[in-house]
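After the structure tokens below, expect a handful of questions from me.
As written, the chains take the letters A, B, C and D, and residue 1 is the first residue of each chain.
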Amino acid sequence: MKANRMEAFSDGVLAIIITIMVLEFKVPEGHDWPALVGLAPKMISYIFSFVYVGIYWNNHHHLLHMVRKVNGGLMWLNLLLLFWLSLVPFTTAWMGESHFAPTPTALYGIILLLAAFSYRLLQRMIMHQHSGESSFVVTMGKDWKVKLSPLLYLIAVLTAYLHTGISCFFFVLVAVIWFVPDKRIEHVVGGR
Amino acid sequence: MKANRMEAFSDGVLAIIITIMVLEFKVPEGHDWPALVGLAPKMISYIFSFVYVGIYWNNHHHLLHMVRKVNGGLMWLNLLLLFWLSLVPFTTAWMGESHFAPTPTALYGIILLLAAFSYRLLQRMIMHQHSGESSFVVTMGKDWKVKLSPLLYLIAVLTAYLHTGISCFFFVLVAVIWFVPDKRIEHVVGGR
Amino acid sequence: MKANRMEAFSDGVLAIIITIMVLEFKVPEGHDWPALVGLAPKMISYIFSFVYVGIYWNNHHHLLHMVRKVNGGLMWLNLLLLFWLSLVPFTTAWMGESHFAPTPTALYGIILLLAAFSYRLLQRMIMHQHSGESSFVVTMGKDWKVKLSPLLYLIAVLTAYLHTGISCFFFVLVAVIWFVPDKRIEHVVGGR
Amino acid sequence: MKANRMEAFSDGVLAIIITIMVLEFKVPEGHDWPALVGLAPKMISYIFSFVYVGIYWNNHHHLLHMVRKVNGGLMWLNLLLLFWLSLVPFTTAWMGESHFAPTPTALYGIILLLAAFSYRLLQRMIMHQHSGESSFVVTMGKDWKVKLSPLLYLIAVLTAYLHTGISCFFFVLVAVIWFVPDKRIEHVVGGR
């Protein structure tokens, strides 16, 4: 029951994060199609963040199903993850408004990197609750997505100062990797 | 249980979408009735969107009750629908602020058209989960509302450049058609 | 189960309404106590609305527990109630910003009046679902609060043009009347 | 079931409070790291409030599990707590924007003090529902955190006029004290 409430609170925060990003789309002054052109970088930036928050929602959902016992540490790690994600609307807006300038793009990647680390910590703590179940830990431990993502974000951050197009390529790459929910977790859970 | 969480997240997003549209009503400068006149187009625009989001909430609710199994594809199609709906506050504000100028009205229709297509795709994927149950698929397949709506939105988009009053007529028409929840789905579900 | 989802959606909308009103408190320019003086009318206005939305949440909660069957009509009446309540942040801000000028105060009362009428309609429709249970209908039918509130709101609207202090008196009066949840409904439900 | 809905509504409000605070981070004009420097006080202020709201969510969660019976008084005390917390985004923004000037910092502490008092009242009312269970009341009655916090907030408010750094020290101190959820409540509940 407790994990349900943690899920509900997280869902609420994620739903609000995903929706308030739209408040950044200020009504343009003109009333014709060219008036929308200026919004294009913001729109691309919004699509990125919508997909990322969607991915987090989706995977967070799978992860929390593994929780055996909610304790203070778990709650705080979950809040740490939500903290980094709560900064996504700001970094999304800055990256869009700056037309993907290097520093805002790097900051966008840094916040995603910090969120990814927190997710990894959260996953580890939940894995620890299953430490007796060898097959399960092995399955989760092999989770290359969780290990690879921070590396890709780091590359995106560093390449932002070469060309932010390269950063965007890596942002898209992480999104593609995560697009499909982790079959192995589904398999282990389904197999129980 | 999983479908419940998808429902809860969608409800959260829809509740926020419907409510943040009100943030567009900036306090007018005057303190008398004429000061409100300038808000009239925004109010009409808001009423449209409130009704549409209400309709989506209502029908989405019926549709998700049909879900047999939540998988990645379903989650992403649902997020695609929410993505288009998340843009409704922006198009609502632009249409209202421009006093129903052609392009903002056409864009309003385009976003609704894209939401309607996503809804249709979501419905198809859920129908597919029931592919063995012939009567059910036949019932859902006959869903003329889901087929007619995109056509009406398309007409609304195209007629926006003749007169946006015609577009509004078609917007109202779609709303009227959807006003009553689909009795056939209720019937099939109730009959089980 | 269906009534639960209607409750959840309504709760979501009410939670957002009650919270986004705070966005109207813009950070003042000064950094001392006098800088807050200008916020006083907004604060009074906010307190009124917080209490009203709290009252609606509380009573709506009791009312929805009476629902036998959710149908389209009930859903739409509920959305009509939420529509009027969704305008409360706007009227709250206007009334506060205008320092309780007559027209904004009257509009504030009108929206509450329309919400109260919608609540009455919703209650009637739910009463109708219990039409066979004589004692229940009699109990609900005697609900003097629901009948008296619109009258008091109407007086508040009309007296706004004499002195908005009188309107405020009536706003406070309605709040006081509703403060305690209806013991009779609790009694009937508890007695089952 | 009723306590669940009170929990759900409170969670919704807390999730919105925690998230809309981010709207205060306006996109800076520059596109480089120095452009972020001006946001530092707002960020510190945001972190404080994120942690406090997280603490309230966490403890509120434990507290509501103790509820035997939801009545009007409990609902209103809960709304009073949410009222003070709903003002946190405003005081957070003011404190940050003023770079921790004395009055905004004092006001920040006052609102937290009022929230802490309301929490104490809520706890007392819930304790009263368990008045027959001596061990339970004794455990809860010893809750030194609930008793100490208002005192620490009061010191933070008063010292704001000496140096707001001292206030911040006490804000951090309260956060540290509350960081771990009350083991004794968990113990008593777990022991049943």
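Operating definition for what follows: a contact is a pair of C-beta atoms (placed from the backbone, for glycine too) under 8 Å apart; a residue touches a chain by one contact, two chains touch by 3 or more.
All figures in this text were calculated on a predicted structure; none of them were measured in a lab.
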Given chain C and chain D, the chains that contact each of them: none
Chain copies touching (chain A, chain D) - same or different residues, decided at half shared: different
Cα-superposition angle relating the copies chain C and chain B, to nearest 5°: 90
Mean-CA-position distance for chain D and chain A (Å): 27
Rounded Å distance between chain B and chain D, as computed from the means of their C-alpha atoms: 38
Multi-partner residues of chain C (each touching 2 or more other chains): 8, 12, 16, 20, 23
Topology of the chain contact graph, where touching chains are joined (line, ring, star, complete, other): ring
Those chain pairs that satisfy the touch definition: A-B, A-D, B-C, C-D
Residue numbers on chain B that touch chain A, as the complex places them: 2, 5, 8-9, 12-13, 16-17, 20, 23, 71-72, 75-76, 79, 82-83, 86-87, 89-90, 93-94, 97-98, 101-104, 107
Residues on chain B engaged by chain C in the complex (per definition of touch): 7-8, 11-12, 14-16, 18-20, 22-23, 25, 27-28, 31-33, 35-36, 47, 50, 54, 57-58, 61, 179-181
